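Some structures to go through are shown next.
In the two complexes below, chain A is the common chain; its partner is chain B in one and chain C in the other.
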Partner chain A sequence: MDMILNALKYLAYVLIFPGFLFCFLSGLLLCGIDRKLVARMQKRVGPPILQPFYDFFKLCGKETIVPAAANKFMFLMAPLLGLAALVVLQLFIPVFQFNIPAFTEVADVIVILYLLLIPAVSIILGGASTGSPYAGVGLSREMVTVLACELPLVLVLLSVGKVVGASYQGGICFSMTKIVEYQMSHGSLITHAGLIPAAIAFLLVIPGETGNHPFDAAEAETEICEGMLAEYSGAPLGVFKLNHGIKMLTMTSLFVMLFFGGLGSGIESLVALVGLTGTAAHMVSVLLAVLLLFLLCVIVTAVGISLVHAVTARLKIEQIFKYYWTVVSGLALLSLVLVWYGL
Partner chain B sequence: MKYIDLLNFLNPVHFPIIAIMLYFLGAFLIVLFGRNRIVRNCIAFLATGLTLTLLILLVKPILIDGGIIPYWMGNRVPAGGYAIGIALEVDALSLFFGLLVATAVFVAILYSFSYMSEDDNEPQYYTLFLMLAGGVLGMVFSGDLFNMFIMVEILTFAAVALTAFRNRVTGALEAAFKYLVVGCIGSTCILAGTILLYQQTHTLNLAQLAYVIPRVGGTNVTVAFALLFIGFCTKAFIVPFHPLAADAHGAAPAPVSVMISGVLTKSGIYGIIRLSFFLFQTMNLGTMQFWLVFLGSVSMFVCVTMALAQHDFKRLLAFHSISQIGYVLTAVGLATTLGASAGLYHAMNHTLFKGLLFLTAGAVLHETGTTDLGKLGGLSKKMPWTTALFLIGAASISGIPPFNGFASKWLIYQASYEKAVETGNIGFALVTICALVTSTLTLASFVKVTQSVFFGQLPKECENAKEVSWGMRLAMSILAILCLVTGLFPNAVQKLLTIPAGSALFNPNAYINGMWQSHLPETAAPAVQTVGVWNPTNWLILLMIALLSICIVAIASKYDAVRENKGEKVALKYSLFYGGEETEFSQVGGGDLFWGFKQNWRHYFSFMHNLHSGIVNDYSLWAVVALALAMVYALIVL
Partner chain C sequence: MFKKLIAESTGKSPWLFHINAGSCNGCDIELVSVLTPRYDAERLGFKLTGSPRHADIVVVTGPVTQQSLNRVLRSIEQVPDPKCIVTMGSCPQSGNVFRGSYSVAGPLSKYVHVDVDVAGCTPKPEAVIDGLYLATQILAEKRKEMKK
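Presenting the complex of A and B:
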C-alpha cells in the first residue's frame, strides 16, 4: 500500500508539480509575458498575455500534414521526446530549499548541461526528418548556436563549482542541492565579486540557448521560414512552441537557482512569523517559494530576453558564434580566473 | 608414461595462451580448409567465440579476485636471476584490453559473414583478420618486450594487408603504402628501444625490466623510453600520426575499420600505459603527466576539427576515432585513480560505439556503393534499422545521456577538474573545458552525418537501397545494446571492470611480484573519489514515465491523425527557393553545413588543410620530428 502511495506521489510530481502541468502553465505564461513586454518596449499594444495558450490549443485542433520526404515516426516523435526531456529536466532544478531529494540527487549541473542538449537534438532530428532544405539550413544554424553557447556555459558552471566546492570535501561541487544550500548559508552567489562576470555571461547565454531574438538565426522567420519548423503544422508544431516556452522557464530558473539561490532563505521564518506551523506552514512556504521563483524568472526574462529582444536586430550566424566565443566566453573566463585565485 | 591430463586444460592458467592460439590456429585452418564457405565461417566463428568465452571466464579470477596469471612457455621458468623463456603475464589491465579485443573481433566476424560475401579471396580475408586479432591479443598478454615487438609486427602487417584488401577501391593501395611506411617507422622505433633496453639491462622480461629500469636509469634508458613511446604512438595514431588512420579507414572494409579503430589503437594505448606506468614508473612526475595530457588534448581537439572538415563518412569517423583516443590518453595521463578508471572506461566505450558507427557506415556503403556525404541522403526511409542503430552510436560518441559515451566523458571531466583543483593548476581546468567543447563539436559533426546521410532528400542513385541482411543487423545490434547497457549502469561497469584495471596502474609492484616471485611491497591504489551526481537509471525511468504519459495524452487527442503527402508529382510553378536557384543546389551539402562555425575558424582550417598534404614523405618527416622532440623532452625531464 505504501509503495503504491509512494508511486502515486512521484507520478504526481512528474505530471503536476514540478513536472508537466507546472511547466506547461508557467512556460507558456512566461512566453506571453515576454511577448507583451517586447511589444510595450516597442510601443506596440501586443497580444494578450494568454495568447500562447490560445495559439497552442488552436494548433492542436489543426490538421497535421506529413511531407512526402519525411520519416513519419521521427517527424511525430521528435517534439514529444523534446517535451519529455524538458519536463524531466525541470524536476532536477530545486525550488530554493524545497527540493525533492529523489529528483535532485539524479543529476548535477554538468549533467543538466548535457541533458539540455536532448531537446536541441530532438528539434534538430525533427527538422532533419522533414527533408526540407529550409530545415537543413535551420538545423545547421541551430547546431552552431548550441556550439556557441556551450563554451561560456561550461566556463560559468566550472567557476560556480569552484566557488561552492571550497566549503565541501574535494574542492569542487556540482550538485544543484549543495549549490543552493551553500547560498542559503553564505548568501546568493551573485554577491560573490568573482562570479559577477559569470552571472552576466549566463544571462547573455539564456536567449541563445532558448533561441530568442537576436540569436534566433536558426528560426529566422523572414529568411528561412522558421527553419526546422518550416514543414511542421498542427499539434507537433504546437508542442515545439510549448517546448520553447518550457526551455525559457528551465534556463531562467537555472539562472535564478545558480545566482539568486539565497533569496529563499527568509521564507520559512516569514511564515513562522505569521504564526503558521506544521503542514500548513510547509504548504504555504512551498507556495511562496514557487511564486518567488516564478517572479524572479519573469524578471530574468524581462532583462535577459525581452529587453535584449526589443533593442537589437537579428545577428547572422557567424556573428552569433563569434560573439559568444569572444565576448561572453571572455567574461566567463575572467570569472573562472578570478575565482581560481580566490576572489 | 606421461599423458596429457585433459582436465588440466580447464585450469584458468592455460586460458590466455589457448585464447591466443585459437586465433592463430583459426587463421591457419582457414588457409588449409577455407575454400568452402560453411567450413570457413564455422572455423572463424568458433575461434572468435571460444576466445571470447575463455576471456570472460578469466574475469572472475583476475578482475574480481585480483589475481595475476604468469605463464612460462615450455615451463622455462627463470633461473639464475634471468628470465630467458618466453612468458605471458595477464593482470587486470591486460585482461581488460583482451576483453575489448575479443568482443570487437567477435562482432566484426559476425558482420563479415554477410558483408564480405561478395568479395573475392574471402579465405585470405579471414586469415589476415584472425592474424590481426591474434597479434593484438598476443601483444596485450605478452610478458616480454621482444614478443610485444613480434606481435606488433604481425598486427601491423596484417592491418596493412587488410587496408589494401579491396585494392580496386581508389586510394586503397596508397593508404596501405602510407600505413606501411609510417607503421614501419613506428615498429623500428620499438625494436630500437627494445635493443637499447636489452643492452642496458640484459633482460627482456617485462616484470624484470620494471624491476631493473627504475634502479638503473641513465641516458640510454631514457632514449629507449622515447623510442618505445613514439613507436606505440604510431600504433595508437596519436597526433601527429593521425592522417594515416584517416586514409586507412577510408579504404578498408568496415569490419577492418572496426579492428583498426577499436582494437589496434587500443594496443597502442596499452603499450603507452605499460611503458609509462609499469616499465619506467615515471607517471608520478608532473612533467610526464603534462606530456600525456598535452598529447591527448591536442589529439582530441585537432582531430575533432579535422573531422568537421571531412565530407566522407568513413574518413570522418576515422578522425573521431583518434579524437576519442585523445580522451583516453588525457584521462590516463592525469595519473589519478579516477582518471585511469575513466580513461579505461572510455577506451571500452570507444570500442563499442566506434565499432557500431563503422558498421553502420559499412551498411550504407554496402547498399549505396558510396560513403560521400554529398551523394547520400534520405536513407532513413529505406534503412530504418540502420538509422536507429546509427543514432544510438552517434548519441553515444557525442556524449548524450544516458548512453555510454556520456558516462565515461563525465568521469573524465570530473577527473581533470578534480586534478586541477587538487594541484591548483589552472591548466588542467583548460583540459576540462577542451574536453567539454570537443564533445559538443563531436555532436555537431554527427548532426552533419545524420542530416546528410539518413535524412534530407533521397537522391536518385540511392533509390535502390534496402535494409541490410539480418546477420549485419545482429552484429550492429549487439554493439548498440552494449552501448546502452554500459551507459545505464556506470557503477557496475566501474566496479567490475575499470576500477580493478585502473587500480592496477598504480601498483606496478604487484605486476613484478606476480611474474618475478620477488616480494616488493605492494601499495593499494587510492580509492576512486567522484564528486558528481548522475543516476542514469532513475533518469531513464523518469523520462519513460514522462514520455509515456505525454504519448498517451497525445494519442488520446488524435495526435497521430495526420494527412500524409504521398509525394504526388505536382508541377511546381516556382522552385523551392524563389531566387531562381535549382532545388538540387539548395540542399546544404555535408561539407558546408557548419559554415557559421567554419567562417570564424577559416584561418585555422586553411592552415590545417595545407598541413595535411597527403604526401607520405611529409608524414614520415612528422614521425621523425616527433621522435626527435620526444627524445629531447625525455632527456630533459627524466
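Presenting the complex of A and C:
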C-alpha cells in the first residue's frame, strides 16, 4: 500500500508539480509576459498574455507534414526528448527550502549542466533529420551558441560552488540543496560582493541558452527560415515552442535559486504568524514559495530577456562566440578569482 | 476540452507567410508597416514566419509572373491545413496595370482558391488588417470543417 502511495506521489511530482503541468503553464505564461513586455518597450500594444497558449493549441490542430527526405522516427521524437529533459531538469531545481529531497539530493549542479544540453541536442537532432539546408546552417550555429554559453556557465557555477563549499567542508560544493541552505542562513548570494560579476555573467548567459534575441542567430526567421525548425509543422513545432518557454523558466529559476535563494527564508515564519499550523501551513508556504519564485522569474525575464531583446539587434554567430568567450567569460573568471581569494 | 481549446485558438494565432509574386515592393512595404508599432497587428496574434510550414495565412503580392507561378504554387502547397490564401493589392486579383503582359500568368484565382482579396494599389494598412482579420475567421471555420 505504501509503495503504491509513494509511486502515486512521485507520479504527481513528475506530471503535475514541479513537473509537466507546472512547466507547461508557467513556461508559456512567462513566454507571453516576455512578448507583452517587449511590445510595451517598443510602444506597441502587444499580443494578449495568453498568446503562447493560443499558438500552442493552434499548432496542435494543424496538419503535421513529415518531409519525404526526413527520418520519421527522429523527426517526431526529437521535440519530445527535449521536453522530457526539461521537465526532469525542473524537478532538480529546488523551490527555496521546499524541495523534493528524492530529486534534489541525488542530482547536483553537474547533472543540471548536462541536462541543459539535451534540449539543444534534441533540436539539433530534429533539424538534422529533416535534411533541409536551412536546418544545416541553423544547427551549425546552434552548436556554436551552445559551446559559447557553456564556458561562462561552468565558471559561474564554479564560483558559486566555491563560496558555498568554503563554509562547509571546504573545496567546491555542487549540491543545489546545500547552495540554497547556505543562502537561507547567510543571506542571498547576490549580496556576496565577489559574486556580483558572476551574477551579471549568468544574466547574460540566459538569453544565449534560451536562444532569445540578440543571440538567436541559430533560429533567425528572416534569414534562414528559423533554421532547424524550417521543416517542422503542427504539433512537433508546438512542442518546440513549448520547450523554448520551459527553458526560459528553467534558466530564470536557476538564476533565482543560485543568487536570490535566501529570499524564501521568511515564508515559514510569515505563515506561522498568521496562525496556520500543520499540513495547512505547509501547503500555504509551498504555494507562497512558488508564487515568489514565479514573480522573481518574471523580473529576471524582464531584465535579462525582454529588455535585451527590445534594445538590441541580432548578432552574427562569430560575434556571439567572441562576446561570450571574452566579455561574459571574463566577468565569470573575475568572480572566480575574487572568490578564490576569499572576497 | 482539448478539442474546444484547439477550436478557440485557431482564429487567435494566425501566422503569416508572405510571397512576392513579382510585386513592385509597394505592397510588401505596406504589409510590413502593418506589423510596426503604429498599427501593431501582433495584438491580434499575427506573426510573420520565415517558412511556409509554419504559416496559417499566405499573403500573395504581385501580378503572378510566369517566372514566379510555379514557385508560388509550390510554396502554397507546403502550407499545412487549415490554411487561408489572401491576395494583397490589385495585382494578384486582376493584373492591375500589368494585365495582358506576355510575362504575367495571373490572376492567382485561376490556379488556387483565394479566400480574401484586399484590393488597392496599395491597400491602406487598415484595409490589410481588416482583410487579415476576415481571413482568421475563415481559418476558424475551415478548422471546424476539417474535423468533420
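The criterion applied here is as follows: the second predicted complex is superposed on the first by the 342 of 343 C-alpha atoms of A that agree within 3 Å, B and C clash if a C-alpha of one lies under 4 Å from a C-alpha of the other, contacts with A are read in each partner's own complex, and residues count from 1 in each chain.
Everything that follows uses one rule, which is that contacts are C-beta pairs under 8 Å (C-beta built on N, C-alpha and C of every residue); 3 or more make two chains touch, one makes a residue touch a chain.
The model shown is predicted, which means the values in this text are computed figures rather than measured ones.
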| message | Quick one: is A:Val87 in contact with chain B, with chain C, with both, or with neither? Answer first, second, both or neither. | response | first
| query | Regarding the shared-chain residue A:Gln51, is it in contact with chain B (first), chain C (second), both, or neither? | reply | second
Go through the superposed model and pick first if A:Val95 touches only chain B, second if only chain C, both, or neither.
neither
- Touch check for A:Gln42: first (chain B), second (chain C), both, or neither? second
Review point. Between chain B (first) and chain C (second), which does A:Leu229 come into contact with in this model arrangement: first, second, both, or neither?
Key: second
Next item on the list: May I ask you to decide whether A:Ile190 touches chain B, chain C, both, or neither, giving the answer as first, second, both or neither?
Entry: neither
Q. What is the contact status of A:Leu331 with respect to chain B (first) and chain C (second): first, second, both, or neither?
A. neither
Max touched-residue count on chain A (chain B vs chain C) belongs to chain B
Return first, second, both or neither, reflecting whether A:Ser129 touches chain B, chain C, both chains, or no partner chain. first
Between chain B (first) and chain C (second), which does A:Cys60 come into contact with in this model arrangement: first, second, both, or neither? both
Note: overlapping chain A surface for chain B and chain C spans 60, 63-65, 234
Chain B partner, complex, touching residues on chain A are 11, 14-15, 19-20, 60, 63-69, 71-72, 74, 76, 80-81, 83-85, 87-88, 91, 102-103, 105-108, 110-111, 114-115, 117-118, 121, 124-125, 128-129, 131, 133, 136-137, 139-141, 143-144, 146-147, 150-151, 154-155, 158, 161-162, 165, 168, 170-175, 217, 234-236, 316-318, 320-322, 325, 336-337, 340
The answer for chain B against chain A in the complex is residues 378, 380-381, 384, 387, 391, 395, 398-401, 406, 410, 413-414, 417-418, 421-422, 426, 429, 432-433, 436-437, 440-441, 443-444, 447-448, 450-451, 454-458, 529, 531-535, 538-539, 542-543, 545-547, 549-551, 554, 557, 559-567, 576-577, 583, 586-588, 593-597, 599-600
Chain A partner, complex, touching residues on chain C are 2, 5-10, 12-13, 37, 40, 42-45, 48-51, 53-54, 56, 78, 80-82, 143
Listed in rising order, chain A residues that touch chain C in their complex are 35, 39, 42-48, 51, 53-58, 60-65, 134, 220-226, 229-234, 237
